[in-house]
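Below: a set of structures, written as structure tokens.
After this come two complexes, each holding subunit A, first together with subunit B and then together with subunit C.
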Partner chain A sequence: MKSAIVILAGLCAATVQAATPADLLTGYHTAAAQQTAGFQPSAQRGAAFHTRNFGVSAKLASCASCHTDNPAQAGRHVVTDKPIKPLAPAANAERLTDPAKVEKWFKRNCTEVVGRECSAAEKADYIAYVTGGR
Partner chain B sequence: MKRVLLFVALLPLAAYADDLRPLHAAPPAFQAECGSCHVAFPPQLMIADDWRRVMSSLDKHYGDNAGLDEKTRQTLEDFHVRHAGGRKVGAGRTAQAGEPPRLTQTDWFQREHRKVSRTDWTHEKVKTPANCAACHTKAAEGSYREREIVMPDGRRWKD
Partner chain C sequence: MDKVLIWDWPVRIGHWLLVGAFALAWITGESEEWRLVHAFAGGTVVGVILFRLLWGLVGTRHARFASFVRGPRAVLGYVLGLLRRDESHYAGHNAAGGWAIVALLSLGLLTGASGWLVYQDSGGEWLEEVHEALASGMLGVALLHVVGVVVSSLAHRENLVRAMFTGLKQGRHDEAIANSRPLTVVLLLGWVALCAWWLTR
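Let's look at the complex of A and B:
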């Protein structure tokens, strides 16, 4: 657990340096594997997570509420209607390149939509999903 | 001397009579933090006290958790307070802006939008009066000129 924190702290500290989506996936993968031996990220689990209705917020029921069913598509904030650039790095090169930003939005959005912070395993699955299952 | 002081005190009011101008001196966090879920609202639209109240309760931000680290929060609060609107937007009208303060409820905002019809406000593309960009096509850049307005049904704004 401690090393998981160290890895995550390392991820957060690396704001100045650009990261790649693959770096982020590796970080969360490693952290999750330390909690559950043999953990492997699954794009399929990430996809199911993306559309799951968590029943916590009426308006923000699932990730897909704002980000649409397709991570390669632009979304819209359901409350403010502000356009949201695609989640998939394939469609939006800026995405998943700033570890601190990724952590910030996981924290906010998970708290809001899932009702708690997400685990390293969930984040690894999710990144595997939006990066196209690689 | 008294007259000079009065004149100086009134200067900010005169400056405010201009259009809302984009703030080039904004810290980078302004767009990144205040403009990620909604348009980054111009600080001129509310008085300093209202901004202080908004910035001191970011964990409960109009139904969302918009919490920031303290350093960023303070930077943004200072920026909003420094560029906050004067009496023209809201001093003495805080009560009407409600709790939490909403810039769409200041007398100034209501007056500026008095000719906007109910049909426009309730148009499916608008969703909330805080969705500036629904009509102010350059709101994301901080520009609210009248000639940039396109109403949700596509027509140009004619005053």
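Let's look at the complex of A and C:
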């Protein structure tokens, strides 16, 4: 049973496109630069975005509501009280290695917290912030 | 044929509880604000199904799996009969519907189990994909079940949706169940509440 799960997990992992956080940042950077010439990701803008109260959801006011002010810290789901692993790849090596997963959660969380889908520029800034780059 | 009592109370309450809980779980699936409600709805689905599995062994006549799970020949015969518009009426679940029940119970249990593991953060992203695929499969079978209910209702001129509320269906008197088992509903609701509470911890 256990070996079957390992094999299944391996198969799934093999079909998932492996990437590094830097690849993801490059991807969103390129997409944003196509919309706005000369766009440069900013960790500072990402940090401001992380703590901004979007006023859409009372409970999930900002990213920091669940993920805390520090992306390197474990978070806590404000509704279920379940622990959330750190966003920063420095503290959680699994983060930002699966582009499909990143896109899925940007879409879900942006829709609910920001009230719309996030732009490529916002995603680039955000990844620059949580990876601690600039 | 007369209208006789076919579906007991636990079957009927369980059915509509499953409909409501699955619908609620489906619409709250992508929201974090509704995550607790989603998990509670999923726990309700699991609770109803576990109860139904036991009820399928010890429940009233038409609730028992042995009375409605039939071989592929019977299913094909029923479907071809519908197409030829000849009467092959079943007092309980028809041969095709029986398999929809089995599929829905299986998918519901697997969706609930995978969802619980995701909720406990025991699975990775792949398990979440599995959970979503299972839920989509369950929605697909549920819609197919509804289509089957409409087709069979028209073919037999019998409102099967109403039957799931009243428990009354066309049948011979010797096919009727003697007791609608209303008190067992208390057991069902208590068990479901326990499951929903325990699975959302």
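Points to keep in mind about this one:
Heads up, the rule we're going with is that the second predicted complex is superposed on the first by the 118 of 134 C-alpha atoms of A that agree within 3 Å, B and C clash if a C-alpha of one lies under 4 Å from a C-alpha of the other, contacts with A are read in each partner's own complex, and residues count from 1 in each chain.
Just so it is clear, contacts are C-beta pairs under 8 Å (C-beta built on N, C-alpha and C of every residue); 3 or more make two chains touch, one makes a residue touch a chain.
Computed from a predicted model, the values in this text were never measured in an experiment.
Aligning the two structures on subunit A places subunit B and subunit C in a clash. Contacts of A:R108 after superposition: both subunit B and subunit C are touched. Contacts of A:D98 after superposition on the shared chain: subunit C is touched, whereas subunit B is not. In the superposition on chain A, contact is made by A:T80 with both subunit B and subunit C. If you count the residues of subunit A touched by subunit B and by subunit C, you find the higher number for C.
Using the contact criterion defined above for the overlaid structures, shared-chain residue A:R116 touches neither subunit B nor subunit C, since it reaches no partner. Of 78-86, 150-158, 168-176 or 186-194, the subunit C stretch that intrudes into subunit B once chain A is superposed is 186-194 (criterion: clashing C-alpha atoms).
The intersection of subunit A residues touching subunit B with those touching subunit C, taken from the two complexes, comprises 77, 79-80, 82, 108, 111-112.
Every residue of subunit A that touches subunit B in the complex is listed here, in rising order: 77, 79-82, 108, 111-112. Remark: subunit A residues 8-9, 12-13, 16, 57, 59-60, 66, 77, 79-80, 82-83, 85, 98, 101, 108-109, 111-112 touch subunit C in the complex. Across the complex, subunit B meets subunit A through its residues 36-39, 63-67, 125-128, 130-131, 133-134.
Interface of subunit C with subunit A (complex): residues 30-36, 39, 119, 121, 124-126, 129, 200.
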